[in-house]
Amino acid sequence: MNEKLKGVFAPITTPFDEDGAFSVKKLEFNIQKYAITNIAGYLVLGSNGENKSLSSNEKEEVIKTVIANKSAGQVVMVGSIFESTRDTIEFALKSEELGADFITLLPPSYFKGIMTDSILIKYFTDVADAINTPCLMYNAPQFAGGVSISLNVIKQCSKHPNIVGIKDSSSGNIEKTILSIDSENFDVLSGSANTFLSALLHGATGGVISLADSLPNLVVKLYRYVMDGDIKKAVELNKKILRANYVISGEYGVAGVKTAMDIEGYCGGAPRLPLLPLEEEGVNKLRKILKDIELDKL
Amino acid sequence: MNEKLKGVFAPITTPFDEDGAFSVKKLEFNIQKYAITNIAGYLVLGSNGENKSLSSNEKEEVIKTVIANKSAGQVVMVGSIFESTRDTIEFALKSEELGADFITLLPPSYFKGIMTDSILIKYFTDVADAINTPCLMYNAPQFAGGVSISLNVIKQCSKHPNIVGIKDSSSGNIEKTILSIDSENFDVLSGSANTFLSALLHGATGGVISLADSLPNLVVKLYRYVMDGDIKKAVELNKKILRANYVISGEYGVAGVKTAMDIEGYCGGAPRLPLLPLEEEGVNKLRKILKDIELDKL
Amino acid sequence: MNEKLKGVFAPITTPFDEDGAFSVKKLEFNIQKYAITNIAGYLVLGSNGENKSLSSNEKEEVIKTVIANKSAGQVVMVGSIFESTRDTIEFALKSEELGADFITLLPPSYFKGIMTDSILIKYFTDVADAINTPCLMYNAPQFAGGVSISLNVIKQCSKHPNIVGIKDSSSGNIEKTILSIDSENFDVLSGSANTFLSALLHGATGGVISLADSLPNLVVKLYRYVMDGDIKKAVELNKKILRANYVISGEYGVAGVKTAMDIEGYCGGAPRLPLLPLEEEGVNKLRKILKDIELDKL
Amino acid sequence: MNEKLKGVFAPITTPFDEDGAFSVKKLEFNIQKYAITNIAGYLVLGSNGENKSLSSNEKEEVIKTVIANKSAGQVVMVGSIFESTRDTIEFALKSEELGADFITLLPPSYFKGIMTDSILIKYFTDVADAINTPCLMYNAPQFAGGVSISLNVIKQCSKHPNIVGIKDSSSGNIEKTILSIDSENFDVLSGSANTFLSALLHGATGGVISLADSLPNLVVKLYRYVMDGDIKKAVELNKKILRANYVISGEYGVAGVKTAMDIEGYCGGAPRLPLLPLEEEGVNKLRKILKDIELDKL
């Protein structure tokens, strides 16, 4: 088990100004606030980071800002999410140069009809061969046009010395991956509050959990209960986390995650179009939900 | 009916050198060859153009090269395919400046779970409002993570003065769109040989047909048979076109389209990774198929 | 080409009394009316026949009634649609005894996850081996839990002497099947107005068209235009047929087909629960649509 | 919480003789063996029971045999799975007469395109109104053509006094159902080993687990560990159960469940065609897996 992959990671969002421009200041503010929480690190430029809506310059700026403001021990995973092997490697190398600890790789999916196991294995392998930073596969069929990373692909890639784990955000069977890939050099992280507790129980090393964007210490609390074997408390807390997550992220997506951040004192703001910010009704719903779990935050 | 949307359009591919770099020279060669065929124009930076695997600079270079080498009357549609409204508009404006006649718009699909009709209508409308060049919607759920443009969206958007048509590459029911949208200012183009003949019979104005990349005049011949009411000849030719297309594009995708171009004297070459070029067996299969329809080419 | 598979077939509905009991009388009335139309025959106990909502006794009664009241030359296809090979054969043999000309077979789909090509080939072959009546495969993924009959299965089964064709009701690519299976002993029938015209042009022998339940001669008229090479008239009529079909069957399903029958003087009535009959608004919509194509009926 | 819905239920299979006939004797043998285990009861005529491959007479015979041979306290759920409301009620009433404790209802799915929430609510309500035996909804999109019972349907139906719970066999989010439906008169049962442990932790009352067909006491052991709060032991055992289940049921389905029963001393045998029994390789694989967990059985 890789010590750097243990714990709770925040899949951070990208804050914009009112005119829609990326705001370094707001991101600095957020990271400085996260730096004094108990989260183990960050997923930068993931789905909640609106990766696909950022320019190359903005992406670089985001990475630099995170690395400059995080606490020393916090780990940085960077999403290098592109349709071509070429672009993926190029950006992964840039991220490496800027100090990324891990590169996260989503399967290409534009031509999803031909994304066979062998094409995906070659894709992950080509990237992992070309860079020095260890790679994590990112399984999220909901964001990859339905392309799922099969257990066969995971098994093959887990043998590669530079592919060290997978972040599984699918609703499927993360326990199956954990129990099937029993390698010392390959870790599984949950990518969703929906599977986090059960994944931890069965051997996941940690989780990249969007609720940690607004309530980092609360998610860490859940993690610690499980590590301490206090499952009763873990389940009680998890029920509250799930109820909140079903609405914040499940119902509203990135816009919900950002609004929850606003409510909890971070700079969330609006997503970029075509994504729309929450209307007042949604904001109030989130306000109520977050109030309900406030007492558990400490 | 828009005169500029009549006829056969080639959804051109992007040629690369052996080291994978974009080759202006090869593209010039192709366009100069297409310029003396009977095709009505080009879809530039579409799916067969490997849009998502090109850098911003390469995209600009592609547009410039097409416009500099096409024949005077040929029409240029440019794909502006991005996840954010912001990027879509920015690139559409750039294409407009470079001389595009139409902008083609694929629905964003990364967050496909929230791509509701109202989000898509706002997306197409926002882009169409921001630019002067007329827009075509591009319906291709196979390349948009399963996101389909519903008839409701088409109906709403067809009323916008700057949304002038749709290129439908879905396997579904193009006739339904044609018969449901009976507007003088909105045209339907087939985006697949599979539906081209039937679409033309029911009122489509033309087609963007990948077989036209390798056999432009053959596809135009089919179009003219239909226009001339010579359906018997059209059907006989269409049977050959379909049999070829099922293998070239249906079985092999972009790599097949490029190999067919190689065989027919254009610069096809290999696609960018993770797409792989055809192996010898595939090349031979295409060689045989293309030989079979050679006599019909003239 | 099998002479018996040429022309237009009506996928007849099953009429019920107000208390929901199957009405022999109403079915007699319908068949006697169809007997003096120009349709080539019937699909009995298909999807529009609410096959899955009928008891064994009712099914037998339906077959007997059709055979006793049809005209001498009209052909009878009977759906034997079950999950087990055993039940399929048993009912096919009963239908054979009662005088069916063809047996129509939908793939089992309850355990759709394991309905591989080889399982389906064995299923169709086992049934075709066990009976004397020629079999038609029935491709309708929309009614078979998404299970589609692949081209590979069609190719293998088309070699069986007792599997003589396929009724394709999918929205996909019926032309591909027609052009790929070029056997003298295997015919393709369109199972939807949506593909009927194009299928006929490319070599289909006929169609099983739900609009023929209410407007049999109108659909035959379309068929004859195509056979006579009068494609211009065929297309003009087809536009009207499609517009009607998009609403009657496309929007309302079996309940719509039955209401259209009521309007046109057949005994349609309500489907069995959980299917609901049309509300007044839908009935009026259909009334209007059918009035619009009335002039073409003769 | 309904006391009768607590614990582990076996979704029993239907044994056949070598000629394919249903074997009362073998079923008697199985039930007499289950009667002295610790399982709380049975799901009779569910998916593993090959419901859709049995005749009406066979179904009755199965119910009678179970009821005559079970132990006094064991509970009997019977699947009444049909496409029409009429047939569902008729068979539910027959099951009631024969002594069923609960009726299990899968959504109709032949016409899946129109299975809206309101149609499903009316279906479940109509059946629950017409019978005295309490009903359980059965959510298994994999066996219902992709039709899933939405949370909205569950919420509405949970208010009906005679709809007392849901058996959820989907891979999705059973915790969401448990946490969303917080009613004293509505229970959630897991329908899959994949979700059983986590479901129990979050408030499910029990599970209908196919591994209980071959290893009933082992699954009960897991249930008891959870009830006793001994989560560490529960998780260790669950890892073994999951590894076995991924192969037995996950890879091989009903045929695998039956082979596992054979190995463990029950009468499994072959499923009905088109389902095929395991080949020798599969049998050996299961033998090995079951040997591995043998020590945990006691």
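Going in written order, the chains are labelled A, B, C and D, and every chain counts its residues from 1.
The working rule: a contact is a pair of C-beta atoms (placed from the backbone, for glycine too) under 8 Å apart; a residue touches a chain by one contact, two chains touch by 3 or more.
Predicted, not measured: the structure shown is a model, and the values here were computed from it.
The minimal number of chain-to-chain contact steps leading from chain B to chain D is 2. The greatest centre-to-centre distance from chain D, using averaged C-alpha positions, is reached by B.
Counting C-beta pairs in contact across B-C and across C-D gives the higher total for C-D. Chain C and chain D have Cα centroids lying 36 Å from one another. Among the residues of chain A, none is found touching two or more other chains.
Under the stated contact rule, the graph of chain-to-chain touches is a ring, a single cycle where every chain has exactly two partners.
Inter-chain contacts occur between A-B, A-D, B-C, C-D.
Interface residues of chain A facing chain B in the complex, by the touch rule stated above, are 20, 47, 50, 52-53, 55, 82-87, 108-115, 119-120, 122-123, 126, 142-146, 253-254, 272-276. Within the complex formed with chain D, the residues of chain A that make contact are 171-173, 175-176, 179-180, 194, 197-198, 201-202, 229, 231-232, 235, 238-239, 242-243, 246.
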